[in-house]
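Okay, so chain A shows up in both of these, paired with chain B first and chain C after.
== the complex of A and B ==
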């Protein structure tokens, strides 16, 4: 029993994923020892939310086979919604201090952001992808990718048109800092990490145990088979798109204090989420979470050792290497056959 | 356009047009573009400047379509490769004093080499993977360009000597028109040869093409190299025309602009994007300047048109042409559109 467990652990350690994760962990420990514990803390805190964005991207890829170029724009929608919810709430709180409301207000903003983001995703699916799917499935991956390029252009400039191009940000959700391992960080960051964990666990339970979640996984595995056993494809597509976009929107909302909402704010999360998704393999949802931490570590280390501005160059080079030597990603994925076209 | 008519039966004019791969209608449109600077609203220097930039976009759309429309790989780093040509030529002119006239060809060579390498790197990849790969190569290039301030002056902008020391835009406009024609003719020659057939075969079904004895490796690399060389050449012109370069030129949004023009024009047609660029971009500019209190409106419309075309009209404007205008309506029209019964 124990023996076979160790055997499987060793087998995993020898796989590409195991090697990469081990190297990342060693790298993190060494760098933390070298430069101080804030590297570890920064990696973990931003990694959670990055993992969330990347998971949304991965599930849309896995189920709908859409390579989202507009994913950052749903991140932007989330931040925007949260901003317009939290501003009046903060204004009200300044006039009428209320400890309970002060604690809950950010959650209201984030939940509303998730709802708006999910709704935006569902509308996109009904208005853009459904007609395209009905018309032609030929060359679907490429065509839907180009469609998302158009959606991205519309959302970015729609934001500019309706809300202006200025930075719409807040300084904090919850005032105050906490100290972990001699690193002071704001409660917002800690909450962002906890929230990401809660959502990921909730999502995992939903996918694993609920009938709808099982239906989504069935569609990801085999669309035709799912259709034959009576799963309504249209509904699953809308739901998946909504979930994926809501994840990005929640990330955008809870990171509003770091990324103030402006038209092109989504570009950086988009690049990073794509790094993650390519690194772990397209469509691998749970791998995206681990990948989120690894890419986040890479970004933190690049900033630490190379300085600002290199955070696009170094990960780009690494992703190019991954694409050359292991195009299916370090954890591999089963959907590559579809995406190959 | 291969025709059943042998070369000897054709008149001189037809032979020239066939050599240029133009129909009489296309030639007329080109002549119209050439006389446009003498027609009042466009004789304004500001508008002429716009027309030059639009002609540049049209030529870029042709080069982009050579990859996207034929071998079915979207080169998402197109703008970065164009920018590489621009920066190579500009840096040679600024730091080494090389004449821009030679510089733009060196820039084209640099872009061509990068295109060759990109083609080589994306060999194992298909569809979306290749697009993402090209995108990340573009991102890395833009990041380098921003960071290498000692060479490119980064976001501060590099001042570049212009090709001709004149304040008027006419010489540049005509130079750009000639470049547009040259780009078109090169791409047409490539695609109407056996090689074009091989490109199409690879784009439609790689396995089938390989089974029929088409070597995808060779043709994909050749395609990337040609497309990127042209991009670099156009980039060199851009640098020496505008006189200032910023890394913004390499941004993904610039690729999206070229992509939109090429796809709305019609993928795989080459002329579609070039034709569409003029009315479309002029209309967009009119909306932009007309609704200046609504910034971003023109780009929203841009995006909506791209989406509608992608869903409901996958062939773009070119497919409309073939559906409605490419008909033998009388002798004159048949001559104008170069219609041939045995085609």
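== the complex of A and C ==
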């Protein structure tokens, strides 16, 4: 039995996905040894968060078949919400670093960010995509994509109109550093990673074992079949969009100490998330998590070895290569509908 | 009267396919809807199942007007539709597909009872329960399609071309299983291109041509009908 397990692992290692993951792991180990542990730390922290954003995008693509180009704006909304929760409390928190509120306030900020992001996603689906879906399914992918461009413009300018164009950041959530295996890391980074882990595990359990999660997977695989077994499509669409946007929002909130919120802050997470989704295959949600780490690693290494300014070049080149040689993505696409329409 | 359709007009967008279609099915009846390609047989089933909205006319199920209700609501009311393409969840296992079929059933004991019933009808499905639905053969897919539809404990089964694309041996198997369901008291409306088979197994039949019901009556009589024999059986 152990033998067959190793056999299947070995077979996977020879596939496109397996080779890429192996190369990534080797690169990470070599470069960490070469330049220092912050390579590993940065990759893991931003990778977890990019994974969250990319998973949100993947699930929206897989279930609703929407090429969401406003996804970064929900990242922005998350950061914005967290900012306005923490900012008023900052004075108090700095003065009383050991108060209960100091421990708990960042969590409140992140939970609220998730709720606001989820709500924004639900409203977007109801107001923009549901009417389009009822009207016509022709050219769905193109039409919905154009819609998201408009949504992006509205959200970005809405932010500027209501909250101004300045950078809204915080210096930290929790003050201080922690030392793990002789490496010093800020508590914020550690918590960001733990949070990503918790969310991903919760999400996986939800999707695999809960009735609603299975319904979402069913809709992604065959919409008509889902309808035939009694699943209400409208409700699933709203819920999935809310979940996807909430994940982006949490990522935005938990990285507020690294990425201050301003109207167009969502652009970079958007591009990176799309890189991930194209790399791993459209609609592949768990693959998007692994892809998040890989693209993050790519970015960290590019920054390290090529310098600032090249961050988008190397990932873009990789994406072009993927699209030429393995357009279904390194882990394979799980989306039937998008490519068939 | 379990299902009563009066003057149904339906189609796709601007294209009208069904013209003033009326039919009725009583509880525990086994009825066939036959006709040439493009007559509108699948459209009829899809309109009943809630996948297409009617343009006009009435569909009464158990006395309730279900015209225009969406597919999931129709399933909840007790009508299970088995499409020609089956619409299986290809990345889920056979067992997962079956359990998804029972989405509208709340109690675990009921789900298990329905699963055992379906497995008894199609032992092959139980053998392959951990296999991905996308890797099944054509006959197995049909069995899974029917099995999954049964998991919703339907009062009425709408079956769209069950023998399509199947080898004769498997066709017999599928029709045998429908017969068994019929003996269990289920009401079945089957759309079939295999006219001989359809008329030999069912009680009554409707002949649909160009979106209109041309003939109706007991299957035996239809099989002897001159028009039917000329058009469908080439006699």
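Before moving on, here are some points about what is shown:
In this text, the second predicted complex is superposed on the first by the 327 of 341 C-alpha atoms of A that agree within 3 Å, B and C clash if a C-alpha of one lies under 4 Å from a C-alpha of the other, contacts with A are read in each partner's own complex, and residues count from 1 in each chain.
Rule of thumb we're sticking to: contacts are C-beta pairs under 8 Å (C-beta built on N, C-alpha and C of every residue); 3 or more make two chains touch, one makes a residue touch a chain.
Everything quoted here is computed from the prediction, not taken from an experiment.
Within the superposed three-chain model, A:324 lies in touch with chain B and out of touch with chain C [touch as defined at top]. Touching more residues of chain A than its counterpart among chain B and chain C is B. Look at A:161: by the touch rule set out above, it reaches chain B but stays clear of chain C. Within the superposed three-chain model, A:313 lies in touch with chain B and out of touch with chain C [touch as defined at top].
By the touch criterion stated above, A:153 is placed in contact with chain B alone, chain C being left untouched. By the touch criterion stated above, A:224 is placed in contact with chain C alone, chain B being left untouched. By the touch criterion defined above, A:91 lies against neither chain B nor chain C after alignment on the C-alpha atoms of chain A. Once the two complexes are laid over each other on the shared chain, residue contacts for A:215 go to chain C alone; chain B is not touched.
Once the two complexes are overlaid on the shared chain, A:176 sits clear of chain B and of chain C alike.
Contacts of A:232 after superposition on the shared chain: chain C is touched, whereas chain B is not. Every residue of chain A that touches chain C in the complex is listed here, in rising order: 211, 214-215, 217-218, 221-222, 224-233, 334, 336. Those residues of chain B that touch chain A in the complex are listed here as 72, 74, 121, 124-129, 131-133, 136-137, 139-140, 142-144, 146-147, 252, 256, 259-260, 263, 294-297, 299-300, 302-304, 306-307, 310-312, 314. The touching residues of chain A, when paired with chain B in their complex, are 67, 128, 131-132, 135-136, 139, 141-143, 145-147, 149-154, 156-161, 165, 263, 267, 271, 274, 278, 282, 309-310, 312-313, 316-317, 319-320, 323-324, 327, 339-341. The part of chain C that touches chain A in the complex is made up of residues 49-51, 70-73, 75-76, 80-83, 86-92, 96, 99-101, 103-104, 148-149, 151-152.
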